[in-house]
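You will see chain A twice below: alongside chain B first, and alongside chain C after that.
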Partner chain A sequence: MLTSNIIKGVTKGFPLGITPTKVEVKEVDFNPTFIVKTLTKIDYSALYQAANDVGHAEGLPEKLEDDVKENEDLLKKLHNALLQVEVIEGELVCPESGRKFPISNGIPNMLLLENEVENVTQ
Partner chain B sequence: MAARNSISPQIEPMKRYLIQFAHEHLDFRVQEIRSILSLIGCQGIMKEKDLSDGSPFMEVELSSETVAKALMQRTVLSKRLYELWGEGTSVYDINTQIKQLPKEILEPYTSENSSFRIVVETFNKKLSTLEKISRIEKLTEPDSIFYGPIKLNCPDYSFHLLEFYHFDGTSQPASEPSKVYFGRWIADGQRARIQQYHLQKRHFIANTSMDACLSMVMANLGQIKDSDFVFDPFVGSGSLLVACAHYGAYVAGTDIDFLLLHARAKPSRAKQKTRSRNESVRSNLQQYGFESRYIDVLVADASRHKMWREGSQFDAIVTDPPYGIRESAARIANVENAKVKSLENGAQRYPQKTQYQLGDIFRDLLNFAAQFLIKGGRLVYWLPIYKPDYQESNIPQHPCLEVESNCEQPLNSTISRRLITMVKTGEFKGPESHGEQKASIAVDHYQCETFRQKYFKATEMEANEKEKGGPPSSSNSYS
Partner chain C sequence: PCFCLEVGSGSGICITFLAQILNSSATFFCTDINPKAVEMTMATALKNGRTVEPILCNLTNALEQRLKGKVDVLLFNPPYVVTPSDEVASGGIEASWAGGIKGREVTDKFLPKVASLLSPDGAFYLVVIKENDPDDIEQLMKSYGLSMKCLGSRRAGREYLSILRFARQPEHSHSWS
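Moving on to the complex of A and B:
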């Protein structure tokens, strides 16, 4: 789910919505250093929305407080949302154009279709 | 160092060590050490001149044994590191020198309670067992520095006598060594990792998977460290990501090849009929226990940067772009007036890929790195070169990026590839507003001919020469 926070639709479409059909929670070693570092780069509201889209927002606050670094409980929940929850099958939806990008086998396909290409270059 | 010490007294006095390199990727050896030293934040003074006549031994001054060990924890191009006790041109020189060493250096390792052994190693010449024994006897004669018992297996301390014989490749190697070193063994480098991560044992490989050794060299030049976020825009089978994950990085990548990422491409191994369904970048990381470091892999076109949210920042970008020899360079065609093409069954059709000019690949790559790297982050990539035409101005430039190192790997007599490491030093001020912040290539290496054309012309020429008895070419793999 970290990835959903750093990609967007071609022009403005951020954040992409997620329509999951199959979600898995993978066991990933907890590394608070990486989570804290990542939090400084991501758009938290987008993460919150993504977590809601896939139904794994439980325990996540709507807004992040400054003391998150000391709150290991919360860091673990963020760790879960960022690294453990994975959309295996589903779609990413651009909020602007409604364009859907399919996710299969955990791999999103961001390629555009032929008729879309000309509209977006330069 | 004396002058420096007087200015800032905290600087520890430097001690002399000796690195024994493996005899491969010669141009990369010093850069790898330099990069690791800067990563671990330590000073080192390398005597690069030592390597100039083909010797694998280089003296280096470091502040402590701890630094020396940390260095060996990362380098894949070094075999071993020693505390340097003596150097000269004969065993006699060594013997004289070690007898004059101060007690503080000798005693902890040569007292009667410490077992030891002496290993004799030579480069460019083979010594008989008798010749080796006679050298060891000279070093351990009754009035020598060693008081402890000799123990060949698992001694407390290991000492190495190293001899280098000059050999210019034409006549016989010199009969007398041009350099003799003696040192106390401190640590081995990471050569064993090359076997551990060998491609032969890798679950998923593609046509141009990077071998384990060079992947790790790239990770070292990229200064990959724990909890970094590393990205590869031409991910393929993810061999570079495996090396980065080994050093503790979280990894992600993209590739335009949908079939490859979904294990439906033609298999790369001889005799393999179809790929198994679980051949993926994730399974490669899983194989080595790095699944926790896997972030994601996406099917995407590396030439289109607009899919990334502004400000997302990678600690490093490590990549091997396709050069069009064994893997075609492709991006999505920019078709004017593209017609909507729906297949009869209503399936959607992806646009055709078009050839991706090498020059454009590198300009796009630099623009991408300038925008999405953190400040101080590194971009490490390969640039294929036709040697007769190569000049320094072929290296792509960007106002936000500075070339840190440029190492050559010769592939045959006319073709080589260069590993370029760049550091982001400038602030990127937005992709649209500042037109001047764009990557440029002063002299485009691929302007007149594609690299593919140059490559096949060169290979043909070499084949012709070979028929006439010219030099044989080496066979190396390429992207």
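Moving on to the complex of A and C:
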């Protein structure tokens, strides 16, 4: 699910770039209310970039207009990008440091090495 | 609810159960520091016909920035067992129980983040044992503007467990609305 991109990099990094090596598209029931609700809570430009990174941005506009909830066709495309396209293997890339976080089995590994952790204020 | 997040999902039973009772009309994020746990969480959810989004990271550090003010249901069954400090956060199976001094070392790292993660009406559910000093946790969370309600307690073997719920408003009785 592409919204697992709401992740930061070591410094501030968002959005993370995606270099997929294995992508799957599975079928998920279309729930327009859920899509509309979720769209209000995410950064659309990040979703658009992510969809582009994995090669599934067909039909997605660069910017979302306010009337998106009336456009069922577009909602279906957004549903596809949000819920159906899944990166199974690949990497997330921090836009600031270039640090790569591996994705395996659909799960991103965001664990940092000891020397990558900033001094934590208690 | 729109976004749910479980910290330390372990086997995945809690987040899967949540997905079942909420009938999946939300997005379910879950994290764990142990790679085997996140895989197991994914498997448990799938076996029960649910989709969850597991992330391998320390507490919620990979998600905090983007989920700020958006989490409607936040769950944490922490490593609450009282152990020596050096057993905490090993990354192995001990990470699932080792809580250090008063069993609070991991919990205390997470508590300051709760208020900023929660949405205005969001709620945080925490499992504690008596040794974790729930009264102290109540005071601490009050300073973050969250009020506590104990939803239930019971004894299981040597442990006296309680489920605590934290939210911004004190619980109103239903006749209020």
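By definition in this document, the second predicted complex is superposed on the first by the 112 of 122 C-alpha atoms of A that agree within 3 Å, B and C clash if a C-alpha of one lies under 4 Å from a C-alpha of the other, contacts with A are read in each partner's own complex, and residues count from 1 in each chain.
Convention: a contact is a pair of C-beta atoms (placed from the backbone, for glycine too) under 8 Å apart; a residue touches a chain by one contact, two chains touch by 3 or more.
This one's a predicted model, so the numbers in the text were calculated from it and none came from an experiment.
**Q** Once the shared chain is lined up, is A:Thr38 touching chain B (first), chain C (second), both, or neither of them?
**A** Touch status of A:Thr38: both partners.
**Q** In the overlay, answer first, second, both or neither for which of chain B and chain C A:Pro108 touches.
**A** In the superposed model, A:Pro108 contacts both chain B and chain C.
**Q** Determine, for the superposed model, which of the two partners chain B and chain C contacts more residues of chain A.
**A** Greater contact footprint in residues on chain A: B.
**Q** State whether A:Phe14 touches chain B only (first), chain C only (second), both chains, or neither.
**A** It touches chain B and chain C both.
**Q** Between chain B and chain C, whom does A:Glu58 touch in the aligned arrangement: first, second, both, or neither?
**A** A:Glu58 sits against neither chain B nor chain C.
**Q** For chain A, what residues appear in both contact lists, the one with chain B and the one with chain C?
**A** Common interface on chain A, chain B vs chain C: 3, 6-8, 14, 28, 31, 34, 37-38, 41, 43, 105-112.
**Q** Quick check on the complex: what are the chain A residues that touch chain C?
**A** Per the touch definition, chain A meets chain C at residues 1, 3-4, 6-8, 12, 14, 28, 31, 34, 37-38, 41, 43, 105-112.
**Q** Contact residues on chain B for chain A in the complex?
**A** Going through chain B, the ones touching chain A are 226-227, 229, 250, 252, 254, 256, 258, 261-262, 280, 282, 291-292, 295-301, 304, 306-309, 311-313, 332-341, 348-352.
**Q** In the complex of these two chains, what residues of chain C are touching chain A?
**A** 2-3, 25, 27, 29, 33, 35, 38-39, 42, 51, 53-58, 61-67, 70
**Q** Given the complex with chain B, which residues does chain A contribute to the contact?
**A** For chain A paired with chain B, touching residues are 2-3, 5-11, 14, 26, 28-29, 31, 33-34, 37-38, 41, 43, 83, 104-115, 117-118, 120-121.
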